[in-house]
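To keep things clear, I will list the structure first and then write my remarks on it.
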Amino acid sequence: MFYFLDLFGTAVFALSGVLAAKEKRLDWYGGLVLALVTAIGGGTFRDLVLGRVPVFWINDNVYIWIALATGVLSFPFLSKIIVNRWLLWSDAFGLGLFTVIGCQIAIDSGMSATVAILMGVATGTFGGMIRDILCGQAPFILKQEIYATASILGGVLYWIFAEELDQEWVGMILCISVVTLLRILAIEKNWRLPKLNN
Amino acid sequence: MFYFLDLFGTAVFALSGVLAAKEKRLDWYGGLVLALVTAIGGGTFRDLVLGRVPVFWINDNVYIWIALATGVLSFPFLSKIIVNRWLLWSDAFGLGLFTVIGCQIAIDSGMSATVAILMGVATGTFGGMIRDILCGQAPFILKQEIYATASILGGVLYWIFAEELDQEWVGMILCISVVTLLRILAIEKNWRLPKLNN
Amino acid sequence: MFYFLDLFGTAVFALSGVLAAKEKRLDWYGGLVLALVTAIGGGTFRDLVLGRVPVFWINDNVYIWIALATGVLSFPFLSKIIVNRWLLWSDAFGLGLFTVIGCQIAIDSGMSATVAILMGVATGTFGGMIRDILCGQAPFILKQEIYATASILGGVLYWIFAEELDQEWVGMILCISVVTLLRILAIEKNWRLPKLNN
């Protein structure tokens, strides 16, 4: 079941890559590259710095195929897809999911709380950062949104429950719920982190 | 012989880095960094995700020296170098060559067709993408050219001949020829991939 | 003692990340990301290409904490911090220090002079390059400053003394002094490398 959720998160992130590519007027290849990068970029960074190589999508190509299929299948409908609540909420859910996965993998590799939470945030947000850089702009999560902040909080919760209290499933459900909810609230209420130069 | 072709491809890609640096009014150091990055960036990514570390240029420094020498030797003539057909055709040939090398290395590491073709494209195109990002702009291959598309087609052909039909040399020659030809045709005929927002 | 110098260099580089984030009007999270990336980005690249994984900050989290603490502690004073000489000189010293560390690690891994000097420059300058890219601009060291050049010269000196003459401590002190001094002179005298398109 968790594996299927993971593939769902991959598809949602891939779609956000395609939509960014459309907005920047990229071509079909650009759309597929951004789909791939957004979906697997964060996990790739995590695996590289942890030394888990070959990285995850090398041995299990299904992540590549999900991202590419999401791209190709979305192309005919791109003019009709609007970034509505369902899409934003799915993305929020994907963020929570990827945070858990990143934390979990770090913990399984025997990492400290610091590294586990960092790997959670990295898995959840680095794909989107590379997507933005490839679009020729500074990553949006660095300047205007409660996005990574939600992921960090979720990572802390997951660490406390999974590692300190030995309640892995509680940690997973709590982390995903809190990240998703906090992110949705941030969108609805237009919450922002303070800027540095105030 | 193949090794010398590889070094030729390295020099051609390095030159494309220097020319981008010149256009962006970078200084000598910027020219050398872009020469290096364009020439060895794709192979570095490939080696990192496959877990082939230290990466290829660490143990065989000749790639670094070829790229740096291309940079230094081109500096006095930069005002005279024009991006003519010879240069574009050499770049097309380099793309075909790097595609074969990327595929080959992945196949030798026992990878699937998906990964092999992906590593071919990555070896051929990621150096140029990093070059463009370092120039402060979105990578041009994501928006306006038949470039990666040629590399993908070449990779598919190479996989079919080298792995399915056990005709490695036929695959190599076919892949390089088709990529080079398709790329040249795309330049001459001004072929483009469709944009996403049509 | 050297370890403490290393942590000092980490803090100085982190501060330069926060200041870039402030200038670009990023938020708190953006400030912390740029602090981290500037401080540990170069060493991360070095460790990845050399195959030294998990990378250095995974096993010794103090680098992460120093960078994050520098960020958080600087936030309340950001409107008062001015980029004065002390800051620029500290950064110059950090560059010299990181150059030595990069060279040293490469030499300890049995690398050639070419790779050692390259790893010195990478450790000293790649964090700042990623910082600039995340700010949405071309890295400043590619276009207008004697920065990497000082690091290269320092790396050459370190190699000669540490490896050829077996005088590691002389090499260290010489490298750090020359890099720092050359960088300070470049700032004071406004020295620049020639641009490519002259």
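As written, the chains take the letters A, B and C, and residue 1 is the first residue of each chain.
The rule we apply is simple: a contact is a pair of C-beta atoms (placed from the backbone, for glycine too) under 8 Å apart; a residue touches a chain by one contact, two chains touch by 3 or more.
Computed from a predicted structure; not experimentally measured.
Undergrad: For the copies subunit B and subunit C, give the interface type as same if over half of its residue numbers appear on both sides, and as different if under half do.
TA: different
Undergrad: Quote the value, from 0 to 180 degrees and to the nearest 5, of the angle by which the CA atoms of subunit A must be rotated to coincide with those of subunit B.
TA: Rounded to the nearest 5 degrees, it is 120.
Undergrad: Roughly how far is subunit B from subunit C, going centre to centre by Cα mean, in whole Å?
TA: So the centre of subunit B lies 30 Å away from the centre of subunit C.
Undergrad: Hey, what residues on subunit A touch two or more of the other chains?
TA: If we look for residues of subunit A contacting two or more partner chains, we find 48, 53, 133, 136.
Undergrad: Under the touch definition given earlier, write down the residues of subunit A that touch subunit C in their complex.
TA: The contact residues of subunit A facing subunit C are 48-51, 53, 111-112, 114-115, 118, 129, 133, 136-139, 141-144, 148-149, 192-197.
Undergrad: Along subunit C, where are the residues that touch subunit A in the complex?
TA: The touching residues are 18, 21-31, 33-34, 44, 48, 53-55, 58, 61, 64-65, 75, 78-79, 133-136.
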